[in-house]
Structure formats: C-alpha cells, structure tokens
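Working notes, beginning with the structure itself.
First chain written, first letter: the chains are A, B, C and D, and each begins at residue 1.
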Amino acid sequence: MTAMTMPLWGPLLLPWVLASVLAFLDGRRAWVAWLGIATLAATLVCTALLLPQAWSAHPPEFITGDWPVGVGIRMRADPLSVVYALVSTAVLLGTLVYEHVAGGITSRSFPSLVVFLGAGLTGVFFTSDAFNFYVFFELAMTSAFALASYGETARNLRAAFTFVVVNLMGSMLFLTAVVMLYLTTGTLDMQSMVAWGQAQDPYALVVPGTLLLCAFGVKLGFFPFHFWAPAVYRDAGPTVAALLAGALANIGSYGLLRFGADVMPQVLAYARPLLEVLGAASILYGSVLALSRRDTREVLAYASITQAGLIIAALGLAGGEGLCAAVALALAGSVDKTALFLAQDRGGERARRAYSVAAFSTAGVPPTAGFWSKAWLLKAALAQGHTLLAGLVVLASVLSLISLFRAYQREQWLRQGAALHRGTGAVVFALSLALVATGLWPEPLLRAGRDAIAGLGGLR
Amino acid sequence: MPLLLPILLALACAPLAYVAGRWRPGASAWVGASGAVASLVALGWELTLGPARLVLPWAPTWGLSLEFTRDGLSGLYAVMALSVGALVVLYSRAYLPHHLEEKGRPARDEVRFHVLLLSFMAAMVLLVTVDDLLLLFVALDLTTIVSYLLIGYDRDDPESRAAALLSLVLTGATSVVFFAGAMTLGLQYGTFSLPLVFERAATSPASTGALVCLAVGALGKSAQVPFHFWLPRAMAAPTPVSSYLHSAAMVAAGVFLLQRLYPLFAPALAVRDGLLAIGFLSMTVGSLLALVADPFKRVLAYSTIAQYGYALVLVALGSEGAPFYVAAHAPCKAALFLTVGAVTQVTGKKKLSEVSGLRHSLPVLAGASAVAAAGLAALPLTVGFFKDEVFFHALVQRGPAFMAAGLVGAGLTLAYTLRLWWGLFGGKRQDVPAAPRLLVAPVVVLAGSVLAGGILPGLLVEPARAAASAMRGEPSTLALAYHLDARAENLLAVGAWALGALLFATRLAWTPGLARVLEVVSRFGPELGYRRLLHLLDRLSTWLHELEVRDLRDRVASVLVPTGLLGLTVLWVTPLRHRFLPGTVGWADLTLVMALVFASGAALATLRARGHMVLVLLISCVGFSLAMVYAFAAAPDVALTSVLVESVFTLLFAGLLALLPSRRLERAQQEAQKPRGRDRISAGIAGVSAFLLSWSALSHLQADRVGTQTVKLAEVAHSPNVVAAVLTDFRGLDTVGEMSVVVAALLGVTSLLRLKGKR
Amino acid sequence: MRSFVPPLSRMLVRPALIIALALWLKGGGQVGGGFPAGALAGLVVLLQYVVMGREQARRYVAVRYAALLAGVGLLLLVGTSFLPVLAGYAPVSLFPRPGQPELGAGAFHLHTALIFEGGLMLIVFGLVVTVIDRFALSTSTEEESGP
Amino acid sequence: MILIASLVVGLLFACGVRMVLERELVRVACGTVLLTNSSVLLILAGSFPERGEAVNVQPGFPVTDPVLQSLALTAIVIGFAVSALLLTLVHRTQRAHGSLRTDRLVEAELKRAHDTGEGTPG
C-alpha cells in the first residue's frame, strides 16, 4: 500500500464515516448539505482512483481482520464493481446537489440518508461475500425506505408504504437465497462458491438461484415483479424517484450479473429461456403501457420497466456479448433515468434539453450512451441469430420514442414562461452532457462493458 | 489531415453562429453563412486533389474508427448541402423576424433557428462524408434529431408539434430498422468499414433481410410510399426549414444512402425490383397529389415525394445518372420553396386559391422562380432538362412500358409545376408590397445556377461522372449535352411537354374529379394505417392499464405468487437426486419439536385473532416459542436476543395500538376478517413453495462448512464465545453494516415522527 | 392507577442496567453481547414510558439524548473497525491481534471487541428509546390535533 | 427433523403472507414480522441436525454452526430495525389518510390519478 495507490477501503469508508457524522447534523442547513455533497464527490474521486488497479491483473482486495478466506469477509474491486460504484455514486451526487439547489432540503436526515445509501451501494458493489452483500443491500434498502417518504405528503407516504412492503418481500427472498447458498455450499465467499459450483452438482444451486432472480427482479422491476414501480415512481418525490430508479435499481442488475454470471454461471445458462421470456414480456409490457400514460413520471416508470426487460433479455443471451450489453444497458439506463426524473421536475430551457437528450438515450438514438448499449444488445442478439429479440429491441426503441416525446410535448414546461432555475438546470445539463459525451466517444462505455465481464466466473 | 478541413468548418458553423448570436442576434446568420461558404471553398479545393480516405481511431473495443471519404458522391452532396444551406440561412435572416413577430416570440429566438439549421447542415455534411456503416447511422439519426427540433420550432403551435413528432417517429423508426440492417451486415462481414464491406460483399452477397432493412431506412428518410405522409405534415415548419430539409438535405439523405450502399444492392435484383416499384408508385402518388393540393407548400412537398421517386427509380435501375438527378433537382426545389415562403410572407396567404397575378408586384421573384420551375419541369436551357434526360436514358434501356411510365410522370411534373407557378404569378393581378431583397436574392442565385447548368452542361459532366463512378464502383461514361436529333430521350421529352401542356390547359375539367377520387383513396392510405395502429396500441395500453394491479395486496401477491410458482416449477424440472430427505427424529428432539408445534399453533391462531391486542400477543407468542426453539437448538445467543427483541416489539406494537384512534381500529377490524379467495390461494402457494424450497435446501446440507473453521479460530481471536467472535471479529463488517441499518432506520423514524416545533 | 407498579418499575431500572452492563462485558466469553445489552436497557426505559409516561421517563439524561447516543455508538463501531487501517492493518482488525498477549484476568479481558460491543449497545438502546419516545410524543399531539 | 422444520417454516411463511394480504395496515406490519421469523427459523434449521454447545466449546463435542447463529442474529436485528421503521410508517400513513385500510390507499391513489386526467389515450 504505497502513498500513490488508492486503498480499497477508501471509497468504502469515506461515505460510511461521514454518513455517521452527518446523522448528527441538521441536513436542512446549507453547509451540511454541502458536506454531504463533498462526501459523495470525494467518494467518486476515490472510486475513480481505483480504476487502474481494478483493471490490473490482480484487482485490489482485502479480507477483514486478515482472517483466512471464508472466515473473514473478502472485499474485492474488479472492473464490474468499480464501474457500478462509479455510476451509482455519480447519480447520487447529482441527485443530492439537485435537491439542495432546487430549493433546499426539507428533512433533517436527507443528506445523511443519501450518503448512507451511497455507503450501502458501494458496499454492495465491492463485497465478495454473499451475506455481506445482504447486509449492505439492507443498508441501501433501509436508507431508501427512510428516504421514500421524503416530502411527507399523503401521496409520498402512500408511495413509501407500498415501496417498503413490497421490497421487504424482496429482501426476505434474498436473505433466504443467501442462507440456502451457505447451507448448500458451506461458504459465504463468492469465489469459493464459484469453485464449489465447478466441482459439485450445480443443480443444487438452482433453488437459491431462482429466489435470487425473483429478489433482484423486485429491485430491478421487471415483469411480473414490477407492479410496485409505477405507483412508487409516480407518487414519490421526483428526487426520490430519481434515487430509486437511477441508483437503487442498479442493485438489481448488479446482483443478477454478480450472482448469475459470476457465482452461478451454470444456473444462469439453465435459466436462459426463462430470462428471455421474462425480458420479452417486460419489454413489450413496459413499452405498450407507457404509450397511453399521461403523467410523465408514470411514462418514465414504464420506460424503466422496458429498460429492465432489455437487461434481462441481454442476460438471457448466451455468451459474453449479452452480459456486456447488460452492463452497458444498466449503466446508461441509470444515468438516463436520473436525468429524466430530475429534468421533468422543474423545467427551464436546460432541463428541456436534458430531458430530450435523456429521452433520445433511452430510446437508443445516437449520439448518446443509450444508443451504444442498445446497439450492443442488438449486436449480441443478431450474432446469436435471435431475430425475434432484435425485432423487440427495435420495437421498444420506436415505442419509447413515441411515449417519451409525447410526454415531452404534453408537459407544461414546454410552453413559455416555465420556471428557469440555474442550479437545477446545471445538474441535469451535466447529466445529459455525460450522456452525449459517451455517445460521441463510446470507448469508455464499451471498455467498461467488455472488461467488467471479462473477469467473471462464467467466462474464466 | 486535410480531408477534415471542410467537415470541421461545417461543424464549427453552428457554435460560431451561436456565439455571434449572443453578441447580436442578426449576426448569427451572417457568420453561419460565411462559415458555410468557407467550408464550401475548402471542399472545392479538396475535390481538386482527387479521392482520398481518412481513418481516425475511435472505439477500438468494437473495432470502430472514424472513417471519412472524399469521392465524387460525397463531394456532390456536400456541395449541395453547403451551398443551399448557406443561402437558406441568409434567407431565414430575412424570414425569421417576421415569423417570430407573428408567433409573438422574442426576436432573439432567431439565433436558435440559425444554429439548428447550421447544425443540420453539419450533420448532413457528416452523413455524406463518413465511410462506415455505423457512422452512417449515427449521422442519419443526427439529421433526424435536428429535423425534429426544426420542424417543431414553433413549439406553441400544436400542429407543428404534432408534425415534428410524426416525422421523428417515422424517420426515427425507419432509421432504427436501417440500424438493424447495418448491424446484421457488420456482423456478417466482421467490419463496419464500407470499403471492406463492399470488398467482402463481392464474394458473399448481403442477406436480403439486411438489405430490406437498409432500404426501409432510406425510404423513410426520403419520404417514399408508404412512409411518405410525414412530409406534407412537416410543412407546418417555417419555410426555410422546408426549403432546406425537404428539398436538398434530409429527404436527399435517404436516396444518398442507397447510392452510397449501391454495391450491396447491385446483385440483389429482387430488392431492386421492389425499390423500382416503390419509386414508380411514389412518382404517381406524389404527382397526382401535387396536381390537386391547394396550399403551395403541400404542392411542393408532394412534388418532392414524386421527384425522389424518380431518383429511387434511377438507383433501382442502377443508372449512373442517379446522383446527378438529385443534385439537379435540389436547387430548383429549394428555389421554389423559398419563393413560396417569400410569397407567404408578403401576402400572408398560404393557398393557391387565395393568390394570383403576383408577377406585377414581384417581378424579380416571378422571373427567378420561373427559371426554377422550368428546371423542375425539365425544360431546355435549365439543368433540369438533363435530369430528365438521364432519367429517360435509363428507362429507354428497359423497354416501352418503362418509357411510357416515364413519359406520363414527366408530363405530370410539367403540369403541376405550371399550375403552381401560374397559380402564384399568373391570372388576375393582385397588388402586394415588395418583398425584402434578402428574401429574393437566394432565389435569384439558385435560379442563376439552374440556368448556368442548363447553358453550360459541360461543367457538370465531371462532377456527375465522379459521383456516378463512386456510386457504382466503375468508371462512368455519363454524358450531358444537347442533341438536336430524334433520339428516344428527346422524343420522350417532347411527348412529356405536350402531355403536360395539355393537362395544364384542361385542368379545370379534371381537377375537381381527381381531387374527389384522391380524397377517397387517401382515406385508405398508409397514414390511416399508421393512425389505426397507434390508436390500437393506445387502446391496448389503456386496457392493460385498467387490468393492472393497483392494490397493495395484489402488488405483494404479484411478487410472491410468481416466485412461488417459479420455485415449484424449478423443483419439478430440475433433475436433482435425493431431492427431499425427511431426516430423523430422536427423543432428544422432543423439546424442539414441541416448541415448533407451539410456534405453529400460535401462528395459525393469529389468523383467527379478532382484536388487535390479541393479535400482537399471539405474534409475540410465536416469537417466544421460536426463541425457545433456538434455546433447544443450542443457540443461546440467538435465543436471548430474540426474547429481548420480541419483548421490545410487543411493547412497541402496544404503543402503536395505543396511538391509533380506537374507532379507526374497530372499523379496520371489521373489514379485515373478510379475506378474498385469491388471498388464500396466494398464501397457500407461497407457503407450499416456502415449505418445499426449504425442505429441498435443508436436504442438501454441506457438512463441511466455514462454521467449523471459525470454531477452531475463535481461541486465536481471544474470544471463547465463538458466536461473539464471528459477530465482532470474523464478520465484524456485517455487524457494522447491520448497525448502520439500525441507524438508518432510526433516521427514518425521527424524520417521520418529528419533534414538535422543530419543523 | 396508583399501585405498586410505578415504584417497582423505577426500582427495576438499576438492576436491569447492571445486568445489561454485565451482558455487554461478558459477551466475549459467554452468552450476551452488545445487542442484548442494548435491548435490555431499552426495554427498561420502555417500561418507564409505559408505566409512568413520557415526562417521567425523560428524567434520565440518556433517554433525552438517546438518538445522539446511537450516533455516538455508530461512530464507535466504525472507529474500532476502521481506525486500524490507518496503521496499516486490514479493516476490522481487533486488538489484541491473534498471537498478541491479552490483558485482564478471569472472565474479563481487555479487547477492542468491548468497544465494538459498546457501540452496538448504544445504537440498539438509541433506536428502541427513540422509537418509543416519538410514539409517546405523537400520542400527545394526536390528542390535541386529532387525525 | 428436516421435514418438520421445513413444514414449520412453510406454515409461518403462509401465515405471514396471509396477514400481509389483509386489508389493514397493522396486520400487514404483523405479517412482515412473521415472515422475518420464518426466515430466521430457516437459518437456524440448517444447524438442527448437528446442534451442540455454542459456549465453551470442548474439542470433540458437536457444535451448532456459529456462522449460522451470527447470520440469524444479524437477520433478527435488521428485521427489527426495518419493522420499527414500518410501524412508524403505518402510523404516519394512517394519519395522512385517516384510515387503516389499504383499500383507502388505493382509492386515494385512483382519485389522484383520475384528477390528473389519466386513463384517456393521448
């Protein structure tokens, strides 16, 4: 550990410690909000500094207390972890800045909870231990539960209640799955599980695998586990919706990639037909339902179901290309959703532009990040001879173009005289700029997608 | 990298114009136009250097690079895009202030228009110079995006918003199809680079499906039947947009794509025949509609559909005149669009039936547009004459039927062009104020170029040949000259003029009848199909939404029931041996089993509990029995913790019940005991699957677990209590995380139930 | 209800807290630990709320600042787990390390796990007390303002 | 033993689900408590066959898997924290809606959706 390299515990510890500190402070004060923002920004920087190490032949890792593998908890930062952590932290940062500049935070604990959410997400992405994954997952979920009622109108509370109850079921399924994994394989360390799966009968892992699929299905919100999503995204505050759709849903896709492609590749291969069916159903369901919705946030909610369906369909494709596409879809989708949910909130010239950029990205129109992710899926589907899926991707693009731009044209802020807020405009503008920049120079996204998958158990 | 210079200059126009516009709104157009001219000059210089390619690294992960080409085809189209672009930007400088005033918008919005127009120009230049399938699509969609913004420029006007959406959806949808085709080809040939693709296609032809996909994209862009209906609607845009996008740029992009990708289409005769049919169909439909349309811009829009139908026919026939046809058509059509824009601005009228005899008030405009109209109608001494010349030349080689079709088409063109021009400028005199000079000058310039091309056709031979050879990949022998003899082309031209003149002279006799017929026919056109489809989808969407789950209970059930069913299915289909082991029960287990039975009894009793307090007590009864189970299972730490947690919980519940208004509780109670049948079924499925899944999991215990290792290590960790060692030391991170969960929950509680006065 | 219950509940506070302390300190060696300790301490305070009402229960300093205590507990926890990294140890290294000599005698040993468990106790105590406090507070406002 | 334990897990789970699907907020909260109980039971059921003495382990004696115990403890604590949050939320939700019944929430949701002119194709 030299002075030059970033230790792995850096991005893990930073939000955690500062979230605890922030818990004491009144988040409605400007300086506290800025402290939270600075924390997330520093976490982002620390995570970014991990990039070169994560890409090296030996990704950084440590085991708590230097105990033997399995006894202690292993944390590991491979490319998949780092790119997910980067994007999620960036999304959280943008959302927190937005909420602060949009007129001040109205709850004492908001910054602290957002940073806790960040700590939970970073932990989820860096851990290499199934139960530790559950703990961090619960940290993120509980922060989200506490955040969901932010705003505290009857509408927000209703959304929060639905969110909490439905997602508790998901958490329960996940806990059960982790315990079953331990009972079956005798270890909680993911790498050891990979080894177990290669040596023993992988059919024994099918049951926990099914439960994991359903648990992450609830988080990611694909058909038929999505029924909570439209109501929650519509009725929660716009910032909260952005947090849930942009950052928290990443747990779902990451979990499926980590447990599916890394820990239990045999089970993933076994589940492929199912994933294809579920993916196709979500794509169709989300795109068709988004068409007739008149509330923009509901349109966005259904669009995110389509997005989830695309990710699932990508996972269902055999070979590495599909997994790469899933990573790219998840990363681009995360930024898209955040930009969309935030941009539709206040209005103003910049927000309008940001909305259209993010909508183009969601529909897969170049030059945006979303285009490359959809292109990847299309490429993978065509390479597998999966014309039907390719057709669905095309259809989903067209339908989301219609529904998103219908909503865009219907919105009040399209007219003159919409409130123009410099700060909020700047946040959404920055997000849309990131989307366009990635669209113009896709190499980082493409490399992230390719290399994130390269080290996973399924392809080793 | 000299090849980049014109592209970079074209790309720089829009930002420069924006900066200039921030300084002074009027300056943006001038800066943009001069940028376009500079780019044009650079391009001209480039073209003298002969063909070249430029490859820049871009995304090596996918093996992509930025590939640009400089050949006759790209040169021709780029010159067209840049020159018409520069003129239109200048024209819009004169057009826009008036337009904005009419719409009640501030004058500074003009800058946005110029910037968008120049961005479109840049996208177009990019489209014609890239040499890579993927980049072609990217540039194509760039034009789609900018055109959406341009058509919807009057964003307060519902009609133009709807038109913008329609064009976005149609061109966007077809270009996604194009992309699917491009992706198929990219996978088939292992590269997106066009020269390599062409090279490999020579040995293994492209699949028909991919070619059809590519063609669909091109047809949508070029507004060919059956996608043509977006173009007339797009006339809601300000006139400079129509005159640029819908004459020389956007619609040209589709035909350009087919010309660029011609080597792929050349061997696919079936696809080419299909394109041929669509070309003739578009020609007919466009021309007929142009004959009866009343708003001038619509006449021109239908004419555009028809004219690109000609171009499509030429491409489908593999004629070397195809690029030239588009290039010759562009200035004529642009000039006519600009003319009608000027007329609308001066008179405030938009329909042929509302104006006449403007030649007296607008003599220069009348003269210049007469030249442009002559060009469109292919009269001699204009460049348009040669466009029909090459067209007829291509048809002659295919036989009399084609020749007849061409003759009728050309005749119709003359008829509607005459009708338009005469409708505007001929007939009863109307006096209107003079048009601003800047509105007329671009028309004059364009007309001058049309005339120059007609008088000195020799100048055009070289570029036309270069473009043709770039398209077909072989040297071209295209000739453009007047031949005063009785060759078939000339005869056809004369025949067409005669037919056109006849149709124009007798127009009063057949126009009403034709209009009625077309009205009836167009009711069953593709536009109707599009609307029906959209409407159907909307209905389906609403219907599905009505069906959708909205109750909290169903939302929960929709998670658990699929999971349960999925779990059961998985158990059913997975071939795992010794799926279920019943296990053994000894006398030592008696206490454990009794505690379990007690817990189950309490759990079952909760279902029957009427009062809330009883319910809470039963729940805690379940908890305490389970604590007993844990104690008998030799897990004293868990037992202790769960006893304490249960106690705390019971008290908290009691506290909550004390909080809730008793009337509300009673009311809720009465409701609560009426479960629905499906809730029972859901609970049953969930329970059965939980039972079977846990049984399956418990039947496959791994004997050698990490737990045994921790027992050995506990002593090393200075902790005689292994559980404490695991909690605090080995898996201490879990505990810290778990406690953070508690604190996060605490924060949630405090923010939900705030202290009074601190709000 | 003037009965023996309120004085009895007050009398219970000290023994209960002592048991909680014992649970905390002996957690390393025997059944116990920070979590039961915190829950027990919270339970006692809960009893005070139920029996004597909010005002009486808030006489204790620890009750008034329960939420803050939870925060302190989390800082303790995070500090014990992560401060060693600054000295180059792996995260969640407790001291004494394996192989290092222990300090203390009998069932009681000095070990950073104690601080760790102490943090646990504070957090659990904080949660239980804060929740009941807010519930109690909410009851009084509910009576004033109605639904 | 395995059969009995998993039967009880299934039973608790079914009762929990049945409660969560009730029409009333308090019962929903109670249901989640039962569900948590069932998953904790499942965790420890893994160690039923080889249970022994966790404290003061002597070499050679059977041992209840300490990792499973600590997992159970963690699960209990997290379940406890989340349930406390849920209880608070129940309280706030019923206060905001003036009812403890979930169908009232649905009505409120539908009413809001109706007010924004939803349901007609655009």
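Keep in mind that, in the parts below, a residue touches a chain if its C-beta (ideal position, glycine included) is under 8 Å from a C-beta of that chain, and two chains touch if they have at least 3 such contacts.
Owing to the predicted nature of the structure, the values given are computational and were not obtained by experimental measurement.
J.: Relative to chain A, which chain has the most distant C-alpha mean position?
T.: The chain lying farthest from chain A is C.
J.: Looking at chain pairs A-C and C-D, which one is connected by more C-beta pairs in contact?
T.: The comparison resolves to A-C.
J.: Measuring centre to centre with CA averages, how many angstrom lie between chain A and chain C?
T.: Using C-alpha averages as centres, the distance is 36 Å.
J.: Determine the centre-to-centre distance between chain A and chain B, using the mean Cα coordinates as centres, and give it in whole Å.
T.: Comparing mean C-alpha positions, chain B is 25 Å from chain A.
J.: In whole angstrom, what separates the CA-based centres of chain B and chain C?
T.: 59
J.: Of all the residues in chain B, which ones touch at least 2 other chains?
T.: Within chain B, the residues that touch at least two other chains are 538, 541-542, 545, 550, 552, 556, 560, 636-637, 641, 645, 648, 652, 656, 659, 664, 694, 697-698, 701, 705-706, 710, 720-721, 725, 727, 729, 731-736, 738-746, 748-750, 752-753.
J.: Give the residues of chain C touching no fewer than two other chains, as numbers and ranges.
T.: Expected reply: 30-31, 35, 71, 74, 78, 91-92, 94, 124, 127, 131, 134-135, 138, 142, 147.
J.: Listing for chain D: what residues touch at least two other chains?
T.: 20, 25, 28, 42, 46, 55-56, 67-68, 73-74, 77-78, 81-82, 84-85, 87-92, 98, 105, 109, 119-122
J.: Which of line, ring, star, complete or other matches the graph of chains that touch?
T.: complete
J.: Using the touch rule from the top, collect the residues of chain D that touch chain A in their complex.
T.: That would be residues 20, 25, 28, 32, 35-36, 39, 42-43, 46, 67-68, 71, 74-75, 78, 81-82, 85-86, 89-90, 92-93, 96-97, 105, 108-109, 112-113, 116-122 of chain D.
J.: Show me the residue ranges of chain B that touch chain A in the complex, using the header's touch definition.
T.: Chain B residues touching chain A: 58-62, 64, 105, 134, 137-138, 141-142, 144-145, 152, 155-156, 161, 165, 168-169, 172-173, 176-177, 179-180, 183-184, 186-187, 534, 537-538, 540-542, 544-545, 548-550, 552, 554-556, 558-560, 562-563, 566-567, 570-571, 574-576, 693-694, 696-698, 700-706, 709-710, 713, 729-734, 736-738, 740-741, 743-745, 747-748, 750-752, 754, 758.
J.: Applying the document's contact rule, which stretches of chain B touch chain C when the two form their complex?
T.: Residues of chain B touching chain C: 636-637, 640-641, 644-645, 647-648, 651-652, 654-656, 658-659, 661, 664, 716-721, 724-725, 727-729, 732-733, 735-736, 739-740, 742-743, 745-746, 749-750, 753, 755-756.
J.: Hey, which residues of chain C end up touching chain B in the complex?
T.: 27-33, 35-36, 39-40, 42-43, 46-47, 49-50, 67, 70-71, 73-74, 77-78, 81, 91-92, 94, 96, 98-99, 102, 109, 111, 113, 116-117, 119-120, 123-124, 126-128, 130-132, 134-139, 141-142, 147
J.: Sort out for me which residues of chain A touch chain C in the complex.
T.: 1, 7, 9, 12-13, 16-17, 20-21, 23-24, 62-66, 72-73, 75
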